[in-house]
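In the two assemblies presented below, subunit A is common to both, partnered first by subunit B and then by subunit C.
Then we have the complex of A and B:
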C-alpha cells in the first residue's frame, strides 16, 4: 500500500481518524500513548506474510550490526555466532536448554501480546512474573498437597498473584486515567523489592542463602528428558499458543478486545466498555505473566532467589513485536530469542563476549522492526529516484 | 503548463479489485474538470496516481508531452500537482499552521510560530476559508479539518489542483467560497479537478464532466447535461429518486427529549423534541450548531447535564450506549472513521460489531465465525457493498462503501429508532437513493427516524417535520415544504 508518509507516522493507516483518540489523559501521556499505539498498530496491521519478512529482515540486520560490533572489539563474528548456534541448536543438550529458555518467555510474550492487541501496554510483565513466581513458591514451599494437586495449586496462585498485580494499573487507568505504561513499569520495581523483602524476611528459607524454601518432589514440574533441565513447562507454553489464538479469534471476548484495540471510538459507540476491557485484559495478561513465573520457579529455579531476574518481562515485548502479536508469530519469535539466550552462555565462554551482548542484539531488533516500514519506504524511494536519474540521461 | 495527460492507467489491488482499467484522461490548463462516478468507481485511486501517492501498474503520465515519474507526493508537488484528499492526511497533534506549512517551512530557519500562525491566518482569509491557525488539528470538527486541507493545498501553490470531495463536509457558504477560489484559479490558467457526488455542484462549477464506471471512462459530457442523465451514466441505469409517500399514521411517541442540555461546542441547551413511530424528523441547521451534541446525546455517548431522554415512552434513568442500543435505538454516526468503523478490521467483523449477542453469534462466549461471515456475505449482497471479499479490511474500501457497511449493520439490527447523522455524506447518487429508500422503508414499517443533515435538500425531501438547531437550541419547527422559513431559522433569524 502506498500512502503519504506523514499519515503513516501516526496511524499506520491511510485514514488518520479525525479527532484522534480522546483518552482524557494529559497531552504528554497522550503523545506518548500515540507513539506506542502507532508502534503496536504497525505490528497489528499488515498481512502475516509481509510481517514475517519484516521480522526476518530485522533479525538479519541485528546480526549484521552485531557482527560489526564484535569485529570492532577484535572478536571474530564467525566464531561468536558459531558458538551461539552450537550452544542453542547443536545437540540434544543445547536444544533442551533452548526449550528451557523458551518456555517462560513464550508464556510471558503471549501475555504481552494479548494486552497489545487490546491497545493496552503492559510493559510490566516482569513484575507480574515475579509476583507469580513468589506466589507459586510460597504455596509450593509451605502448603503441602498431594502430587499433581500441588502443581495445580501453585499455578492457580501464580495466575491469581499476577492478575491482581496487573489489575492495580488497570483500575488506576480506568478510574484515574493514569497511563498503564508508567504504572505497570513502576510496579515491576515494587515487585522486585517485594521479592527481596520476602526472601530476606518472612519467607526466607532456613540457612545462609536468601531465598524461599527449596521446592521438592510434587512441587517441581516433571522432567521430560533425563539429565536436562527440560520440564513440562514447555508443554504448558505450547498448549497455550492455540488457546490464546482461540481466545483472540474465536471468542466474543477476544473480538471485543481486538475491536477496542483497533478503534476505541467505534468500540465505545458499539457499547463495548473500553474501561472494562482495559481492566480485564490487564488482569488476564498479568495472570499469564504470573504463570510464566510459576514455570520458572517450578521448572528451573526451584525457589525464588534474592535479585531474581525479571528480564523476561522486557524480552517478551521484543517477542510480541517480532511475532506481530499473533500467537503463532510469538511462538516462532520466542523460540528464536530463547535460542539466543541459551546460546549466549556458550558464546560467552567460547569467545569471551560479555553477557549483555544478546540484549544489545534484541535492542537492534526492536529498532529495526519498528523502523522497518519507514526504512523500506525510504529505500524504495531512493531506488526510484535513481531510476529516474538514469532515465533522464 | 498546458495539459496533464494520464494515458492508459491500470491499477489493480490484490486480490481482485481493478480500480483503474485503461483510463486515459486529459486535464487542461484553465479548466475545471469534474470527475463523476459511483462509490468505488476509481476516482480517488486515479487521482492518487496523478498526485504521486499511489503508483500505477501500467500507464503514462505526461505533462505537456513530457513523461513524468511520480515517486511520491513530494515529486508531484514539485511538478505543480497538488491534491486535497478525501480522507484527511493531517497530523492530529500539530497545529493548523504547522500542518499547512509542513515540509514547506523554508530552509534553515527556526519555526517562528507566531509569525507562521499570522501568515497562515492571513492567507486563509484571503482565500475565503477561515481557519484558526493556532488550534491543534485533533481539536477540530470535520468541516474545519476539510478547510485546513484545502488551505494547505492552496498554500503550497499548484498548477494542477485535485479536490477529492472537498464539499462533502462544507457548509453552503464555505462551498461558495471554495468555488470562488476555484474559478479564480481556472481564470489564472491553472487546472482544477473536482470530485463530488453532488451533481448540482458539478454543473455549477465544471467546464467538462468525465464519468468513470468500474475503473473505466464511460462518457464525457458538458456541464449543461441534465442531472438525471449524469446520474444514469454513473450508475449504468436510470436512478429513481425515492420520494416520501403520504404520511403514515403517526403512532406512539418513540423518542422524547425534554429540556435537554449537554456539554459540547456548542452543546445542547434546553432542547425538547418528540419523534413518533412512523415518521422522519429532520434536524436542519448549519454544521456546528449542536448537531454533534444531539447525535451523541441520543446515542448515549454524551451525558445530559440536565433534562431527560425517553425511549418508547419510558424515561431512561441510566443512559449508556449499551442501554440505548438494547432499547432499539441505533445510530449512523457522522464521524464514520472515528465512531462507525474499525478500519483495520475486516468487513465481516465490522458488520458484526454491535449485535454479537442479540443475533446469536455468541454461543457460551464462543464466536460463531462461519455463521457471522455468511451473514456478512448476505448483507454485502443486499446493500451492494463493493469489496473483494468479506475478509478485506474496511479501511481499504472506497469511502462510500465504508458508509454502506455502517448503514447495513445498523439497519440490519432491526431498530425501532434510527438516528441518522449525515447518512449520505460522500455517497454517490445511487447509494444515496438506496439509503433514502432504507430510511423511508423503516418509516413505512412504523419505525422512527431522526435525520440530522446539513443538506437541506435531503431534509426537505425526506422529513415529515423539521426542527431547526441554531447554537444548540431548537429555534423553531417547520414543515418540509417551508424551505424559506427553515433557511431563516438556520441563520438564527426569528421567523
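Then we have the complex of A and C:
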C-alpha cells in the first residue's frame, strides 16, 4: 500500500473519500506500521514551531498589505492601527469587547479545528452555528425551566442541533462520496433560510421585528463584569480548550481522528473505520459549532434575529488555520481575531475605516497561511520522499 | 470610560443599522442628514456601520464614549440603545421610528405619522387608477405597518369611494422576491397602482410594477430613481431633516429628550415630487392633494391609524 505524506490536514481536499481507499488493504509489515506511527506523531507535534512562524508571517503580511491599502486611500495606517489597538486592548471596556467577540469564535474555531485534524473540511460551521443558535433560542424562548437547568437545556439543544446539521454531510460523504466541502457550505445557506422561515413564521416574536422571542433571566448567560456584555460565554470557551486538547491527544478516539486525518490509508490498515470516524467527527464538530451559536444567543443577542450573521463560522476557518488546528493555537488566534473585530468599531468611528476592512485583513491572512504551507509542503515532500526510501531499506 | 472627552468639543456619531450606508433608505438618508447637519453647524461627525445585530451594544457604547450626540438608525436598535443610554446619562441619544414608554431621560425618540403621508399616497393612487383597483404591499403585519395601510385606504376611499384595495403582506423588510410576488398577485387582480410599504422587500414590488407597466408608490425616501417611469411618487419620511434638527438643537443647547412626532404639520413626512410622471396626475387630483394636505396639517382631517379593511376592500 502506498503512503501519502501529503495527505495532510491543510491539503484542502480531504482524504477520507470512500472507494479511494484500500479497504481490502494488503497487510502491512511491522516496520511499515512503525514508520506510519512515527509519521503521525511527527505530523501532530513536530511542525508546531514552523506553523507558529508561518502564522506570524501571515499576520505581518496582512497588516503590511492593509497599511498599503489604507495609505492608498489617504488614511494614516499608524492612526488606523492605533485606533484598532485602543478599541481592542485600551481599557477595561475594550478588553471586555474583545472577550465578547472571542467567546463564540473560540468555540466555533475549536469545532473547525477538530474536523481539520481528521482531514474533514467542515467549512459550514456558520450553518451549524445558526441551527444551534435557533435550537437554543427555541428552548430558551418557549420551554421555561428553572435557572441553571434552562441554560443546560439550551446548550444541549444547540449541541444536538449542530450535530444533526453536520451529520448530514458526514453521512452523504460516507455513503455517497459527496464532498463535505460542498455539502457543509451549501447547508449553511439552508440554515440561513431555515432561520429566516422560523423568525418570520412559526417562531416569530410578537412585534414589528422579525426575531425569536426575547430571552430573559434564566435563559441568559450571567454577566461577569457589570456594564459590559462580558458573560460566562468566555468561560465556556476557555474550559473547552483543555477539554478538546485532552480529547485529541489523550484518548483513543482522538488518536484515531488524527490518524485518519494524517493518513486514511494507514488508518484503514490499522483497522479504524474511516467512515465512522468521518461521520462522528463532523457530528462532533457540528455540535461544538452549535454550542457557539447558543453562546451568541444567550450571551449577546438575546434572540435570533432575521439575517443573523453567520460570519463567525467563516472567521473560525481563519482562526483554525492560523492556530494550526491546535487548541492552544486556536485560543491565541481567536483572541487575536476577536480583538480585531472589537477594535474595528473604534477604527471606524475614530479614523473612518469601514468595518469590513478587518474582513479584508482576514482574507489576506487566510491566503498567506494556506499558501505558505503549500510551498513548505512541496519542499518537505521531497525531503520525506528521501526519508521514506531510507526507511524502506 | 472617557466620559469627559465630549465636554470640550461637541461631536455627533451616527450608528447605522445593518444594511449599510448605501441602502437607498433609512441608513443612507439619515447619514446624509448627519453629514449635512454637522457641516452646517461646524461640529465633527463620525459614523459606525453595524455589520451584525450582535454589535449594537458595542457600537453604541463606542459612539457614546466619543460623542455627546449619538444618532441611531432604526427600531431594531431600541433595546440596545436603552441599555447603553442608562450607562451614559450625560450623552444625548436619538433613535428613529421607536419610542419608549415611559420616555428615557437622555433619549429623543423620533417617530413619524406615516399614516398622514400614506393618506396622500392613497389620494394619488385612487386619482390615477384607471381600473379603480389599487394595491398595498406591506412588510410585517404589525401595528406600525398597519398605520400605512390605514392612511392609504382612507385616502384612496376619500378620493374615490368606489376604489377596490388589494392588501398583501410580505412578512419581511428584505425579501425582494416576496415583494415581487405580492405585487404580481395584486396586479393580476386588476390593481394598476401599487404602494409598497415594505422596506427592501418593497423594491421587488416596484420591479413587478415596472414589468407590468403599472404605477408604483415608493416609501420612506423618494424612490423615483429606482424606476423613473413607474414610481409616480413616494410617501417619504424626512430622515435627513430629523438628523439635522437634532444636531442643531444639540449645538444650540436646546435639545430635549422625549418622544418627538414628525408629521405633515412640521414637514417631517410628505409626498415626493411626481418627477417625469406629473402629466399622469390629473389637475383636480393635485388640487385636492394640496387641500387635503392643509386639512391634515391643521388637524381638520384626522387620519386613522387602524385600517378599516385590513384584508382589502
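Methods note: the second predicted complex is superposed on the first by the 326 of 393 C-alpha atoms of A that agree within 3 Å, B and C clash if a C-alpha of one lies under 4 Å from a C-alpha of the other, contacts with A are read in each partner's own complex, and residues count from 1 in each chain.
The working rule: contacts are C-beta pairs under 8 Å (C-beta built on N, C-alpha and C of every residue); 3 or more make two chains touch, one makes a residue touch a chain.
Since we're looking at a predicted model, the values are computed, not measured.
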Applying the touch criterion given at the start, work out whether A:348 contacts subunit B, subunit C, both or neither, answering first, second, both or neither. second
Just to be sure I read the superposition right, which of the two partners does A:176 touch: subunit B = first, subunit C = second, or both, or neither? neither
- Message: Quick one: is A:271 in contact with subunit B, with subunit C, with both, or with neither? Answer first, second, both or neither.
- Response: first
| Of the two partner chains, subunit B (first) and subunit C (second), which one does A:262 touch, if any: first, second, both, or neither? | first
Max touched-residue count on subunit A (subunit B vs subunit C) belongs to chain B
>> Tell me the contact category for A:252 with respect to subunit B and subunit C: first, second, both or neither.
In response: first
Residues on subunit A touched by both subunit B and subunit C none
In the complex, the residues of subunit C that touch subunit A are 1, 13, 18, 46-49, 51-55, 57-59, 61-63, 65-66, 75-76, 79, 87, 140, 142-145, 171-175
Contacts from subunit A onto subunit C in the complex sit at residues 87, 91, 93, 97, 100, 196, 200-201, 207-210, 214, 227, 229, 296, 300-302, 305-309, 311, 342, 345-346, 348-350, 352, 354-356
Listed in rising order, subunit B residues that touch subunit A in their complex are 53-55, 69, 71-73, 87-93, 102, 138, 140, 142, 145, 299, 301, 320-322, 325, 331, 333, 335, 337-345, 349, 352-354, 356-357, 361-362, 365-367, 369, 393, 395
The answer for subunit A against subunit B in the complex is residues 2-7, 9-10, 13-20, 31, 34, 41, 44-45, 249-256, 258-259, 262-263, 265-271, 273, 381, 384-385, 387-388, 391
